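The structure under discussion is supplied below as structure tokens; questions concerning it will follow.
Labels run A, B, C, D, E, F, G and H following the written order; every chain starts at residue 1.
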Amino acid sequence: RARTMTTDSSSPNPIEAAFSGYADYLNQLNDKRERVVKASRDITINSKKVIFEVHRISKHNKEKVLEKANKNLAAVVDQHISRLVKELNGTDFWKLRRAYSPGIQEYVEAATFYNFCRTGSLLTLDEMNAALLPLSDPFSKPLKINVLDYLLGLADLTGELMRLAIVRLSDGELEFAGKICRFAQEIHRHMTVLAPNMDGDTDMTFKMDTMLQSVMKIENACYTVHVRGSENIPLLGSMDPSYPMMLPDLE
Amino acid sequence: ALMDKQFEAFRQHLEESGSLRDRFRAVATQIEATNRNINSFLLLIHQSRPMPEVLEKVNSEIDVLKRLFNQLAEIARECPGQYYRYHGNWKSETQAVVSLLAFLHWLETGTLLGHAEAEQKLGLDKSEFRIDVEDYLIGICFMANDLPRYVVNRVTAGDYDCPRKVMKFLTDLHAAFRMLNLRNDFLRKKFDGMKYDQRKVEEVYYDVKIRGLAVDGDTMVEGTEGQQ
Amino acid sequence: ALMDKQFEAFRQHLEESGSLRDRFRAVATQIEATNRNINSFLLLIHQSRPMPEVLEKVNSEIDVLKRLFNQLAEIARECPGQYYRYHGNWKSETQAVVSLLAFLHWLETGTLLGHAEAEQKLGLDKSEFRIDVEDYLIGICFMANDLPRYVVNRVTAGDYDCPRKVMKFLTDLHAAFRMLNLRNDFLRKKFDGMKYDQRKVEEVYYDVKIRGLAVDGDTMVEGTEGQQ
Amino acid sequence: ALMDKQFEAFRQHLEESGSLRDRFRAVATQIEATNRNINSFLLLIHQSRPMPEVLEKVNSEIDVLKRLFNQLAEIARECPGQYYRYHGNWKSETQAVVSLLAFLHWLETGTLLGHAEAEQKLGLDKSEFRIDVEDYLIGICFMANDLPRYVVNRVTAGDYDCPRKVMKFLTDLHAAFRMLNLRNDFLRKKFDGMKYDQRKVEEVYYDVKIRGLAVDGDTMVEGTEGQQ
Amino acid sequence: RARTMTTDSSSPNPIEAAFSGYADYLNQLNDKRERVVKASRDITINSKKVIFEVHRISKHNKEKVLEKANKNLAAVVDQHISRLVKELNGTDFWKLRRAYSPGIQEYVEAATFYNFCRTGSLLTLDEMNAALLPLSDPFSKPLKINVLDYLLGLADLTGELMRLAIVRLSDGELEFAGKICRFAQEIHRHMTVLAPNMDGDTDMTFKMDTMLQSVMKIENACYTVHVRGSENIPLLGSMDPSYPMMLPDLE
Amino acid sequence: ALMDKQFEAFRQHLEESGSLRDRFRAVATQIEATNRNINSFLLLIHQSRPMPEVLEKVNSEIDVLKRLFNQLAEIARECPGQYYRYHGNWKSETQAVVSLLAFLHWLETGTLLGHAEAEQKLGLDKSEFRIDVEDYLIGICFMANDLPRYVVNRVTAGDYDCPRKVMKFLTDLHAAFRMLNLRNDFLRKKFDGMKYDQRKVEEVYYDVKIRGLAVDGDTMVEGTEGQQ
Amino acid sequence: ALMDKQFEAFRQHLEESGSLRDRFRAVATQIEATNRNINSFLLLIHQSRPMPEVLEKVNSEIDVLKRLFNQLAEIARECPGQYYRYHGNWKSETQAVVSLLAFLHWLETGTLLGHAEAEQKLGLDKSEFRIDVEDYLIGICFMANDLPRYVVNRVTAGDYDCPRKVMKFLTDLHAAFRMLNLRNDFLRKKFDGMKYDQRKVEEVYYDVKIRGLAVDGDTMVEGTEGQQ
Amino acid sequence: ALMDKQFEAFRQHLEESGSLRDRFRAVATQIEATNRNINSFLLLIHQSRPMPEVLEKVNSEIDVLKRLFNQLAEIARECPGQYYRYHGNWKSETQAVVSLLAFLHWLETGTLLGHAEAEQKLGLDKSEFRIDVEDYLIGICFMANDLPRYVVNRVTAGDYDCPRKVMKFLTDLHAAFRMLNLRNDFLRKKFDGMKYDQRKVEEVYYDVKIRGLAVDGDTMVEGTEGQQ
């Protein structure tokens, strides 16, 4: 809503014509940014919900939980990422990146988290982008998650892996926890090399530190359970000495 | 292995973008050096050195700027659609360029340098590489920051009409900026600061006027004019 | 199950307070935008535009403020007794509103806008939702900061009686503030700064007086006037 | 004079609020001292001293707390609707009170102290002065932090059924907290830490179980109980 | 209020006896510290009031204002500093220094401020201490303001001098303002040499900075009035050209 | 001139106190170095080296400490009544000394080193120069911080009775500290931290006990004692 | 003119030193990148990947380091006597290099990499360009910081003898460092932190030992050895 | 043993460098004290005390500086080629020395103190120990920071020609600095700040000139100037 205001109606402000153009430009840009931010927030909230859901996984409900998470993940794409695609319309991917980046990062976190629980492997950027392809109309440049957002999302993933590992260990799933541990170690290891090159993103130093903390928390948890489980129990002669690991039966 | 392959690809990607960034930075550093040169010539204006002499020196530096922006444009062509990915590397230098060009333009014409005119002066009018509108606007604000000092030095040198002209220009400029719906960002902060420049210039105008030095000749004693 | 029920209640509680906060912020953002509008009209005063024209424009915006404060009050009614829980969300915007209203009021009446009057202008006089006293006082300080610029521009425009009136007003205001035992850091800081506004206005008054421009006509030697 | 009168009123207002703050702080300091006393009695629990003896000592201190919260409530009655203006003055002390009461309550009943029950224990059930929900929740988190130590010492003292009970309680509590959509930073942080308390208790439970010490007597091989 | 709490009544805690001694010691110390802090606060509040009063000075009311300030300053000594003397009782001057130092500093500020307005010179530390001598009974060591507190008080004095100078200038008292300016400059100059030696007081670096700001504010104010007052007013031929300075008549 | 004279006196005064401070610091630095030596010998304890060998080495260093504290006392005699003016210069070093002496004493006697005993060990019992009570208490807290590590290493070396003894000592110590009415200062913070040391030692005791390694012989299986 | 001449000399001086700094930085940046590569290979150790595979990857990177340090040395030859003028440009990178080399060396030999050995591995043994002693020592401290994590992961992988070996190494290293009279600087801070690494490793050793997992075969039950 | 031998060598190395550092610091501390003295004399200039009196006091202190820099040079001779290793110990003190000497020199001659002249004044002209060029330049910037205050006080004392002279000096100095290609470091930051000093001095010159006080005779209207 550009206001017209002349200093003096008799001598029109000569600068004004040019500025009404700038005003239009900025208004449109700001409106679009506002819509993109809102879409990003919705993506964040709903991706977080998917993550919460996946955390409910256990040996007994794996299929059910993952199925539901998958559906909700698809809903994030259909209902919210699609809005981004429409707004950005094949351009402004980089200009408005800061407006949608938080949402995309959270989506990467959710999708890779889900995928790891389903397949045990890392969902790649190409796979993710392939899944987004149908959203774009064939005539404009398709929305692609960029490498930076993908990596920033992965960096957060280790935090979720840590929480998952600790809960899974309580639940006796030692083998799964070991798998999580190695997966998190690998991601951290690869990120170590990439971190300083990420377009001068200053967050990354901080995120690397958090990642290392998370990885070490997983390692320590695995260690505790391993050591505990390997203990000789001399007092309990009745126990089967070959009994490998007690935890699974705790449940 | 798949993971390794993907991360290897990322490594390459990031190295390429790192190298682009370095090249952009190298040009931006040269732009900054050129800005310093131009600025040092413009300082002569404050010392009331004859304008033509100053302008001549400046113009050759502007040719340098043209060449440098052309280089930026060329590098940008290597990464189509990623102008805004690397924008941070030349942003503040470009704002300074706009500020200098706009000051020069105002000295020569007494009017505001338009966005398109700025691009034209840098030889970007036919390029895909443009000056971001916000950078243009921030540059204009920077230019306004320099006007109070200019006015003070002009009056010291005996040019008593300068405060009125600058005050008029700043008032118009401020009114024009108010048409924009600014977000709570750097541009808004710079714009909010413009009122201090206005205030200082108004005070100099007041000094000149109350001493009857204003060129329009009306002293204040008899002066019932002033009412507009 | 009991535990679940209780935690379900907590969930609702936390969501409600979060949503209240968001709603307060949304209104406050609109108040800020309206403040900017009013401010841009008031700037015309510095350019000596006829007061009635300015006031008309301003008044319609004040209706907007009224409506917005009414909204704040309505939301606050949903959470009785929790005014101060959410106060931080509209605090600084309200201070700016007070500053603008007080300036307007001074222009119209030459007197200080009282706390109750401010609430009345915003249609809060019958509401439970009031303006916090410290916010009112800080707003008054902000208003004082704008007076020197006003005086300079009025004199430039030939209104030589303005400095005396503003000086008197600021002297009284400063004396009144001195009655407070200030402990609040920010308010104290704003108040300390008021001295500089006074000094600048005194300087303009001196300039006008020494040149025999003061409206009452008395030269300085005999001058016992100044009392209004 | 009108101005003076108004400012005289402001002076009083500001002095009163300063004095209220001081009075709230004075009571809060006493609450903190009482908390320390209660805590020192509760430590006897870790040393396996007979519960009745401990509870007797604690209960007289809880009467002190009641009296102190009653004082807070009384002061708050002097400034109706301003609970949250002064909330920061007793916030963390109240969280500690909740933590202690909840631990006691769990010792006595094995269940979670509800929000309303906490208020009742402090004699606030008929008061207008309530415990803020977030303070209650944070207090509960603090209480959970103390449970692992309790369990370790109970087992050392030969009480092999304790880990199971605590584990059950923590599991339920954690599940209940998961229902909340936490946005508050501090509360979220405290909640995240609860997982570690759970894990430590689980480890002790495991130790007890694997050695066939669990009171229910079932060794682990056959043990299908434990299912909650 | 020491609590007795044995771990087990049958085996008394051997550490306890010693600790009940420590408890007494700490309780007495804390109580005394509390009382000293309270006295210090009262000294601060009432010294601030004296400073406020002195700020009301003008050409016309000088005697009256100073007389009242003098009386109130004496009341600070009689009613509040005397409490300090009683508490400290010739000892603990340094142990509890941090508890009373703020009050004493403010008192130094008030007393030197008052004295400058009365005599135009600096009230010395010896003079101040001589005035406190009667408070102490003849058998114990008299309370002496120490050099550090005196200097810290002086450092704050320049802030008050700045406020005074600006108000006096508005009131046309140019000569007085000039005197204030030179006085503040001298204090700042002397403090420059002493600052780094003050028992490692880290406040002092900050206070020096504030002092310099205050001195420069006085200098700038004097400058402005001087330049303004020296102006030729060519347009106003009617004015008496020998008229030296206009400000005094502004009032 | 009077001002000059006074400031000249101040300069001398401050120079003298500066020089005293330097001398105190110089001794304190040596105390710190000696502490490091003692500490490095005490580390041998963690490695289960024979006690007599360790004690011999330590004792000669304690003679050094004695000499250094004697030096402190001598310097302090030059500025009677100003112990607390310079106290900050040897405070933390003295706390560390107390911590080391108390650990040694505990190793030798199993009891807490008293305040007077500490002064005696440093040859201060007839001096006017004493150890500040708070420094003593803080030193004791530091000593408690080192006990968990000691217990862990002792158990590793096969000394299974150590946890019980240390736990008993810490429990008594903690109870004694609770008799103090601590202000909100460093000592309070250190004391509050002591509970983490207790917790760690309790956990080691738990480990030993649940594995039937505790010296008192009662395994946990048969152990129905302990039940309260 | 004199001023100009002098400043012309300054310009040259600053440009030369600036260019040297840039060249040093460029090499240091490459060293950092190589460090990152080496580190990413060494991280495989935590995943219990076979040592030979890891070492092979690392060794080719060490050749890169050699080349880069040779470049540093060459640049340094251009400004004899100014090693420490530019030292800040490669200091922290060199510390990281030492840390990596020392870890590798320990893995291969179980001994501490000496200062001369480190220089030799980097091909600096015949160069004038050496590794600053403090950089070497700080690098060793960094290496010690990584050992607790290594021990934890080794035990998880079933290597129960690792804690003992690492504990022995750290104890010796700590003893050696204690021979140094460290000033109150960064090195001292890093060294003081080493005791936390020791403590953590001791706790792991404790865990392994008390559970009868230690390789030396003595379980704790029968184990009456260890007694001093 | 090998480890011990190596660490014994490190111990010696660190002790030597530590002792050099201490000796450098001790001299630098004295330089700082002397700087404070000189500064306290130079502050008299702001009070318009007669120059000769001030200079006399200062000169004896400069002899002290000479002696102290000679000591620095001597210590530096003990560690050839390591000037920059220890440079941090006297850097900022030397910058302050340059600033004071340059201000004095300007007072006496109205010209800029050259780098060589500064060294000569400190008796370093034949020494190997020189003043680092960047320290010299930073010192000059510090000196420029003090000029606005000097100008203000001179004008108050009735010296209306001072602003013009200082403005000229600062303009030349600024122009000279612009010849340097400054990197993005501390010196650049100080230099960028110099424009605020210029601006302030220009404003003083403006004040003096517009009021017809400037000495050069041209009043602004018809110029009957010069009256002070």
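Here is the rule we use: contacts are C-beta pairs under 8 Å (C-beta built on N, C-alpha and C of every residue); 3 or more make two chains touch, one makes a residue touch a chain.
If you're wondering where the values come from, they're calculated on a predicted model, not measured in any experiment.
Student: What's the minimum number of touch steps needed to get from chain E to chain H?
Tutor: 1
Student: Once chain D is fitted to chain G on CA atoms, what angle does the rotation have, in steps of 5 degrees?
Tutor: Copies differ by a rotation of 175 degrees.
Student: Assuming a repeat means more than half of the contact pairs shared by residue number, which candidate in A-D, A-G or E-F repeats E-H?
Tutor: Equivalent contacts to E-H are found in A-G.
Student: Is the contact between chain G and chain H built from the same residue numbers on each copy (over half shared) or from different ones (under half shared)?
Tutor: On the two sides of the chain H and chain G interface, the residue numbers are mostly the same, over half being shared.
Student: CA centre of chain E versus CA centre of chain G: separation in Å?
Tutor: The computed centroid separation for chain E versus chain G comes out at 55 Å.
Student: Roughly how far is chain B from chain E, going centre to centre by Cα mean, in whole Å?
Tutor: 50
Student: Counting only Cα atoms for the centres, state how far chain B is from chain C in Å.
Tutor: 34
Student: Report, in whole Å, the distance between the mean C-alpha point of chain A and the mean C-alpha point of chain C.
Tutor: 46
Student: Out of chain A, which residues touch more than one other chain, so two or more?
Tutor: If we look for residues of chain A contacting two or more partner chains, we find 3, 5, 7, 186, 190, 193, 228, 234-236.
Student: Got the chain F residues that touch at least 2 other chains?
Tutor: Counting only residues that touch two or more other chains, chain F contributes 171, 178, 211-212, 220-221.
Student: Can you list the residues on chain G that touch chain H in the complex?
Tutor: Checking each residue of chain G against chain H gives 2-4, 6-8, 10-11, 13-15, 18, 21, 80-87, 112, 114-115, 133-134, 137, 172-173, 176-177, 179-183.
Student: Which positions of chain C touch chain B when the two form their complex?
Tutor: Per the stated touch rule, the residues are 40, 43, 46-48, 149, 152-153, 155-158, 160, 204, 207-208, 211-213.
Student: Can you check the complex and tell me which residues of chain E touch chain H?
Tutor: 182, 185-186, 188-190, 192-193, 196, 216, 219-220, 222-223, 226-228, 230-232, 234
Student: For a test of understanding, state which residues of chain A touch chain B in their complex under the given definition.
Tutor: 1-8, 13-16, 18-20, 22-23, 25-27, 30, 91-95, 97, 121-122, 124-126, 141, 147, 151, 186, 190, 193-194, 197-200
Student: Enumerate the contact residues on chain C facing chain E in the complex.
Tutor: So the residues of chain C in touch with chain E come to 178, 195, 198-199, 202-203, 205-207, 209-212, 219-221, 223.
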